[in-house]
Structure formats: structure tokens, C-alpha cells
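Okay, so chain A shows up in both of these, paired with chain B first and chain C after.
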Partner chain A sequence: MQGRILQADVERRGLVLDPRTKLLLLITMATFVLGGAGSRQMSFLPYALSLLPVILLLSARAYKAALIAAAVYILAESAFRLAGPLLSGPVYFILLGTRGILTRSLPSLMMGAYVVSTTTVSEFTAAMLRLHLSEIIIIPLSVMFRFFPTVADEFSSINAAMKMRGIALGGRHAGKIVEYRMVPLMTCSVKIGEELSAAALTRGLGGNVRRTNVCEIGFHVQDTIFAALCLLPYGALALSAAGLW
Partner chain B sequence: MVELKEVSFRYENGENGTLSNLSLSIPRGQCLLLCGESGCGKTTLTRLLNGLIPHYYEGTLTGQVLVDGVEVSQTELFETARHVGSVFQNPRSQFFCVDTTSELAFGCENLGLPEAVVRTRIAQAAKEFRMEALLGRSIFNLSGGEKQKVACAGISAMEPELFVLDEPTSNLDVEAIEDLRQTLRRWKAKGKTIVIAEHRLSWLRGICDRAVYFREGQVELDISMETLLHFPPERLARLGLRGLTPTQVALPACQPVCDTIELRDFFLSYGSQMALDIPALSLPAGAAIAVIGHNGAGKSTFSRCMCGLERRFKGTVRINGTEIKRRQLLKICYMVMQDVNHQLFCETVEEEVRLGIEAEAPGAASSVLEELDLSGLAARHPMSLSGGQKQRTAIASALLAGKKILFFDEPTSGLDFRHMEQVAQRLVSLRGRETTLIITHDPELIARCCTHILHLEHGKVLDLYPLTEENIGKFRAFFYSEANKNSLQEEPAH
Partner chain C sequence: MKHEKLKGKDLINVGIFTAIYFVVVFAVAMLGYIPILMVLMCILVPILGGIPFMLFLTKVKRFGMIWIMSILMGLLMLLTGMGYYALLVGLITGGLAELCYKSGGYRSGAKAILTSGIFSIWVWGNYIPFFINIEKYFSTRQEFGQAYIDAMTALMPMWMCPILLASAFAGGLIGGVAGKALLKKHFVKAGIA
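== the complex of A and B ==
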């Protein structure tokens, strides 16, 4: 069973957070870790924030993903700290670059994986409705939520087929790996997308009545905690901008 | 309930399934079977009823389609959705949500019903379909049969008057089909109108009242189900329909097998669950082996292990005294997938079949193409071919790459009688030359081309036997016991 990382699995979702809290977490990660916002005094911030996705992924029982990502992160960071001062020239810059890319993007990617793999389509739709977004935006977005895991599924079948044909990295035809993968992927995705839309339409999607949503979303204790954690760096940013910190 | 008046339709993109000058009326509460060969227009008719034609699939439509007195082509799809519920062929692609409870709610939510009502409807549907245990599950962890059940329950919760099903059993095993049959009975008991397009007929005994046979977009036969049931088998075969009664098994001439393929340590687990548990097994080389068993029996895990696709798999296969490990298995085994589109990569059929060849013997490619009736298509793009041609291309590429063991994953799901026979002939032609393993739920296919049966259940080998006269009972017991039981109960005493 492959390609599970993008499939929302209601049977193992760990700590239940409101989708809006998850969105806030994503934005915070993107601003402070990926974007590197913040003043000099806040340099500890990315490290602290990077812990969040690890905790959340562990709570969703994605042990392997969480541990691998954490290990890669620590390795990149400690290699830079330990070996960095001893190196010079291009080697140093390669190390610097690798560390920069890894430590900046990896935590946000993990957070993204956590959000997508623990949020169901209907939770997402419910949250968007509560945020008073228009259905014109919500419906395409929710279709994407459904479409990506399906494409991931297709992708793993195509991979299997390629292996049996001996098309692999390091083998013959290695240069054509991307091309060979795209052709069947496109064909299958188009077909599945078409069938998905047809099925949704025959069940009344896109009507002129206001959709109800029976999905229970709402803020709980854990949401308050994570939201507070997210708001702290913004507070600090505001303080330092005002010259008070 | 349904009135079609001189309806003609032609798809914009020239797809098959044109309808010409069709008039048909379906009274309320009737259960109607639409049958005929692929491309005869029965799917087109189901799309006309649920409004996908002309609102989603484009083409030229003339005439009138009235459902409950309302003209479908003039009504928005979401309005039609209130009265017409649809179940489709592919359980994979008819879900909008990723968990079962939201899926049951989805249709009702779209109707804008109040939350409390939606909740009652979900509870009701779950109870009615005896699927409380399936609530709150992830769609991706369900079997094909369970998915189809959820799809039916979701439609049922919307309480439409007309149910339209388009080949709902193509991906289902015997038990799941029986489940679907119960669903149809419930709808019927409630006085709902049902229109079902199908190839397999035996499970609809006692369900359908009337059968309409299409040929080239026109109604050729409009008879009672009872009459169709009493057609002699030869006549049904001529019509291209799958048998009503269990087929007489014509036993293949069984040549004695001397070589064997030895399998060792076929173990694989998902988490704590043992998915495959076969310490040792010897398969007859050169045979055509049907791999049967219920959904979740480990059939696909078995094939993935044998093809070398499972990374954690540590077992070995011994052919002619040579031991073969996982990585080499990738080179000697090949799986022809259910969706062949996954395994065609190149721009022409010719390139496609040459892709895996190590050192080419002169003329090898053209002779294999010839043999599989593909020579005329060598310059075509594989994606432009028909389903059967694609499958043959995949087989050709495997043969040329020197594969010794071929797996077929449900090669006949969703095929009508004629196409099923073609696949069977193709498989027969491979017999003795390659070892083929065919994962299938289709007894008619097995009866036509398999020499041995490998029966898996719960990841273990339950049985492995040649398909001979004395073993025929076992084979029939697996496929037909349930079907027979039911038809005995339902046939009125004559």
C-alpha cells in the first residue's frame, strides 16, 4: 500500500485539530520558518516551530515520516554547525545551501503533509464555509483534496509497471523516466477526474440551495494551545517592529 | 415514470454508443435490465436518464427524455439529482469524500436538507444496509464491494424515485454481488423504479421484471425477464450476453505437467496483519492457473510479491533449479494490470513492445506483433487503441522482454461475452508457452482457459488443484453455491 501520505485517513488522525487551526499553523510555518521573518533576537524561533510538525505527525501515527524528517533536519543542522567552520570555498557553500534549503522548507513540507493527510474533504469544506468563503472557491479546492490522493494512487501503479519494464534510475532508459511517467499519468488522471466530476454532479453538487454540512468542527483545548503558540511569534514580531524588544 | 420519445444522440467526440430514434416507456416501480454488447448504447441511455447527457457529455440530442414528467435536458443537473440516483461502474472514482460518513452525507448535504434530517438519513441508511461497522472509515481502506455498498447507501439516503446503475458489478466478487442484489431487492420493495445496464445476468434473476436488448443504438428485443431467462444458452451467446445459468464447464485438454515452479517463504504483513502466509508452494510450469478467493484473500499481495514489487518481500522462487530473488523476479515476471493504461508509455506500439528487449533476435518483434494481431497497428499511439488492443500490446511487450511468468489482474472485468471470449482465446494461446496466473472473479473465463485453480483465503493457500472432471465440484461450489441457493429460493414452484 503506497502513496498513502496524501490520503486523509480518518482511522488514524491523532490529535484532532480544527481545520482553521491547521491553516493558521501552515501560515505561521510558512512565514517564520520558510520565509524567515523575524528579527535577530528571534533566531531561535525556526527551531522551536520546527518541533510542531514532528509532534503533530507523531500524534497522527506517521512515525516513519516524522522520524526520517527529524533525522534529516538534525543531520543537516549539526553537519553545518560542526563541519561548517572547518570548511571553505565551494564545499562550504554547498553545505550552506543544502542546510538552508532543508531546514527552511522541510518543516513546512511536513506541516503540509500533516494537514493534507488528516483533514477530510468535508471538514475542509465546513471550515471554509465558516470562514465565509464563496462556494466558487470552496468546490474546486475540495475537488483538489480528493484528486491528489487519487493521482498518488495512480502514480504508484505506474511506478510498479515501470519497474516491471526495467525502467529505473541507473537502468537503461533512465533519461526517459519523467516522460514515461507523465504519459500514462495524464491519461489516467483525466479519466478519473472526469468520472469523479460526473459522479459528484449526479449527486447534486453545485445546486442553487445552500449546502448543509453535518461535519462537526470546532475549537477545543488543543486548538487554543496551538493557536496561542502560533500567535506568539506574531506578537514578538509586532513588538520588535515597534522597537520594544 | 420514464418516457423516451424518439430520442437520438451522437457524442461530440465520436465515441461509441450512439442512440437512434429510441422510444421507450418505463412504468413506476419497474426494474428494467438494459443489455447488449459494449458500445450498443446502454450506457448512453443511463446518462440520458441522470442528465449527464446533455449537461456533461456533449453531443447532438434530439427527441424528449421525460423523468416524472419533467424534461431532463431542460432541467439543471442538481434538480435531476433529487429524483434520479446513479451508481457507476468504477467504485474508485465515484466518491467525492475520503471518509464513509461524509460520503453518505454528501448527497443530502447537496440537497440542502437540515442537519438533523441528514443525520437521521445517514443512520437510517447505515441500518438498512447493515453497514454500521463501515461508518467513520477511510474510503481508501475499503474493498471494492464495500465501496459499492457505500455508494448505494449514499444514493439511497437521497431518496430518489429512480435508480440508474451502470455496470455496477464489473469490479465485484461473488459475495459483493450478492450484497448488491439485496440492495436492489430493498429498493424494489419500496416501489422504486430501477434501470440497470449489465453484462452479467445470472445475479439479476428474480430482480428484474423486463429486459431490453440493444443493438447499435436501437432496441432489438423488449421482453420480460422471464422470457430472457428461458432463452437457450446458444441464443444468449449469439446475443453476446453472459450466461444466465452457470455455464457448462468445457474442460480444457490437460497436458501432464512435469516442470514446477517452487515458491518459498511467501510471507508479507501489513502492520500486525499477516497478508500473505505461504511457506512453500509448487506451481505447475506452463499452466494457466486461475487465482481465486474472496476480496482480501491476498490475491493481489501474492501477485505483487511474485512480480518483485514488494520491497519488504524476502521469499524466493525456484525455476529449473535456479533460485530467484526479489530483484530478479522483476525481470522474469510481468503483470498485465486491470487498467492497462498504467503500463503503456511510448509513442507507438512498435516502440512500446521493443522497450524491454535486451538483445533483439531479428524479426522477433514483428512475429510477436503478428501473432497477437497487432501488425497493422505498429505505428499507432498506444493510447489511441481500444481496450483489447491495449491489453494485447501489453502482452506483446511482456513476451518480447522474455518474461517467464505472466500475471493477469482481472482481465475480463466489465467485458461483454464476445470480448471475454477473445481474452480467453488469447490466454489459451499462451498456454504451454508461458506460465500464466489469472486473478479473476469470472467463472466463465476460468472455464474457458484455465488448467489449474489456486484458491487463496486469508493469505493462505486453501487449495491447488488441476481443473479436471473430479475437481469440477469444488470449482462450482466456490462460484455457484450462493447463486444457486438464491435462485432455488426465488424460483416460483412450477
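== the complex of A and C ==
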């Protein structure tokens, strides 16, 4: 399932956004939800922004992912609000940690999943070129972009295999956890990487000429709306920094 | 070693290894919600990250690859909400690590371990907000609860700042040694390193 949600699927991506808008969305989520920037008056912001990935995932017809994420978020938040004040000590920290991971990271993770699953590598590269970034940053970035789903997929398969052999926390060979996961992961990643570079070289990556790109990217009405939504919190931050709000 | 321009294959390697490195870092970083582990992360991340990093170093033959990886890690920290300090620190330490490995002709094993130590200092960048203004840092993180904030504040007096820097470096060295041992045990005979 993990692999499927992270593979770019052009047929059912719903609302078409420019990759640059998606990047702005991602940075906004990271700053305000994950990073928790903003003054005390803006404490409602993370909740409001957390709605965005749900809306976008629904528009991309990833109903299951959107609903599960929303349910988990609400569950974690309400559990903390209701049970939090009654607990103390380690139990409290566990609840706090779970809630922290879920409500802070989950929205950004969902936004990341949305961006990766609705953007092809070519579109991403085209957008990066429009931003006039150097090729030495664009190529590694687009490889990473393409490679994260693969690594995550391989990692979960290796994890499952090792668990079966008793190499897990609480298993018979717990001491080998690190080595027996890292080595296969690195071996297969290097192999996949070699194939990837061979494939990329046949497409002329790293040549001396400027590569062309057939992807049509550009800003539309929906981009303007989402960009404006993203800029609002930054504006509020500037206002509160200036002491006006 | 002739000074050559980075080729497409090198840049692809940078991308692949940054992805592996980031997955490892991310898996470890999830533990940081427990206060004491937040401190230990400064050692744990470099040790575990050192293993893929050492394999990466065997692929580095041209100037710039380590530096780019350091910058990319900084960008990823920015995207995952850790702030821009890791990017600033990474800009410097990545360049130093690059120069260190270059001085060994991109081959020296001892220099590779030292490079892993220097490179790992970027982790320390993530802790800078604690030392600049811990009240401000937690004023936007009230939902962590007062118990967590008190525990973290007690764990992060000013003198911890250089200690964390040193432990990131030491963690990188340990990770480098461990990575080298693993390379010898598994990858050299498999023909990958």
C-alpha cells in the first residue's frame, strides 16, 4: 500500500497544481505545523493548515488515506485533551510523544505523500528549472524524490523478513537489529541506484546540452488560491513580529 | 587525483545516498520525543548514519559530492520543520568534510573516518534553537506540556552546547569505524564498495 500511495499516478491526481505551488504548500506545512512557528495568538493555525492535505488528498481521490489520516489525527488530539491532564510520569510522556508525532508530523507527511503521488519526476524537474536552480542540486533532488518510495518500500520488506527470523526488538537476535537491516538495505539501494543511473544516462542526463522537457507547468486559478492561503500565515507572522497583532 | 567536473552518475549517487541517509536519520529522530533520547540523538544519529555514509564515501571520487549531500540534508531539515540552522551549519561542515576527504586523495581510510566525524556536525545545528532562546522555542510548543519543557530545559544548560558539538563529532567517528567494519565484512567481498 505504501508503494502505491507514493507512486505518481497522472490519471487520478484531481486538482492540478503547479509543482512550485506544491513546494510552497510543503514548506508552509513544515514551518507552521511541524516546526510550530508563530506567536501564541496563532495557535489555531496548525489545526487550520492540517485541513489542507486532507482536502488535497480527497481531490486526488485518495479517499482511504485521507479518511484514515483525519481519523487518527482527531483520535490522538482528543485522547490528549481528555486524558492528558489526568496522567503524569512515563505514561504521560508516551501519550505526549504519540500525540506529538501524530498531530505534528502526520499532516506534513500526508502533504508529502500528496505531493509525491501527484507529481511526476519530469514535472518536478521542469519546475526546478523554472526556479533557475543549478543542475547539481536538481539532479540529486529529483533522484531522491524518485528514490524515497523505493527505499521506504525496501525497508518495510526487509523489516518484515527480519522480524520473521527473530531479528527485532524483543526477538531472539535483538543485537543484530542494526546490521541485519542496514546491510541489505544498502546493498539493494546501491543496485537499484546503478540501474537508475544507467536509465538516466540513456535519457541524456548529465550531458553537456540543455535538456528539453515536454511537461506543461504553469500557474492557474487554483494555484493562486493555494498560494494565497500559504502566504497568509507568513503575513500574520510578520505582523506579529512587528508588534501589530 | 585530477580535478574533474561532477558527472551525472555522481549526482545520481549523491541523491541515492542522501535518500538512504535521510531514511536512517528520520527513523532515529522519531525517538526524540522522550527528553533524554533527544540528547542522545546527537550521538545516535551520527553513529547509525555513519554506516551508509561510509559506503557513500567509497563512491566519492570528485570534488563537491559530500558538500552537496550536506546542503541537501540541510534542505531536508528545513522541509521537515527543524529550522534553517542545520542548513547553515551543514554549509560549513560539509565544505570542511569535503576538503578533509580530498586531502586524503579520496581514498584514505583514516581520513574517511575523520570526514564522517566532521560531516556529522550538521546534527548539532538542530540543537541551536535550544541554546539561543529556549523560552521562545517552547513558547510556540506549549502543547508539549510543562513537564516536557521543564525536563528539556534542565537537560540543556549552556555548557551542553559544546558538549553536543563534540559528541556529534565523536558519534560520527564511531559511525565511521562501524561503517568501515561493515564495509569490510559485507560490501568489499560483494564487490559493491
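Criterion: the second predicted complex is superposed on the first by the 192 of 245 C-alpha atoms of A that agree within 3 Å, B and C clash if a C-alpha of one lies under 4 Å from a C-alpha of the other, contacts with A are read in each partner's own complex, and residues count from 1 in each chain.
Going forward, a residue touches a chain if its C-beta (ideal position, glycine included) is under 8 Å from a C-beta of that chain, and two chains touch if they have at least 3 such contacts.
Computed from a predicted structure; not experimentally measured.
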Fill in: First, second, both or neither for A:G84, with chain B first and chain C second
second
Discussion item. With both complexes superposed on chain A, which partner does A:L15 reach: first (chain B), second (chain C), both or neither?
Written reply: neither
Worksheet item: So, A:L196: does it touch chain B (first), chain C (second), both, or neither?
Response: both
Item to complete: Check the residue A:S122 against both partner chains and state whether it touches chain B (first), chain C (second), both, or neither.
Response: first
Practice prompt. Using the superposition on chain A described above, determine whether A:I55 touches chain B (first), chain C (second), both, or neither.
Written response: neither
Discussion item. By the touch definition at the top of the document, which applies to A:T31: first (chain B), second (chain C), both, or neither?
Written reply: second
Practice prompt. Quick one: classify A:I137 as touching chain B (first), chain C (second), both or neither.
Written response: second
Worksheet item: Taking the superposition as given, does A:T187 touch the first partner, chain B, the second, chain C, both, or neither?
Response: both
Item to complete: Figure out whether A:V214 sits in contact with chain B (first) or chain C (second), or with both, or with neither.
Response: first
Worksheet item: What part of chain A is shared between its chain B contacts and its chain C contacts?
Response: 142, 179, 183, 187, 192, 196-197, 200-201, 205-207
Discussion item. Looking at the complex, which residues from chain A come into contact with chain C?
Written reply: 26-27, 30-31, 33-40, 43, 80, 84, 88, 92-93, 96-97, 99-101, 104, 108, 135-137, 139-144, 147-148, 151-152, 155, 178-179, 182-183, 185-187, 189-190, 192-193, 196-197, 200-201, 205-207
Worksheet entry | Contact set on chain C toward chain A in their complex | 6-9, 11-16, 18-20, 22-24, 30, 33-35, 48, 51-52, 55, 64, 68-69, 71-72, 78-83, 139-145, 147-148, 182, 186-187, 190, 192
Discussion item. Touching residues of chain B toward chain A in the complex: what are they?
Written reply: 50-52, 55-56, 76-82, 84-86, 88, 90, 92-99, 102, 105-115, 118-119, 122, 136-138, 140-141, 154-155, 158, 270, 304, 307-309, 330-331, 333-335, 337, 339, 341-346, 355-356, 383, 397, 401
Discussion item. Considering only the defined contacts, which chain A positions touch chain B in the complex?
Written reply: 1, 4, 7-11, 120-122, 142, 145-146, 149-150, 153-154, 157-158, 160-167, 173, 176, 179-181, 183-184, 187-188, 191-192, 195-215
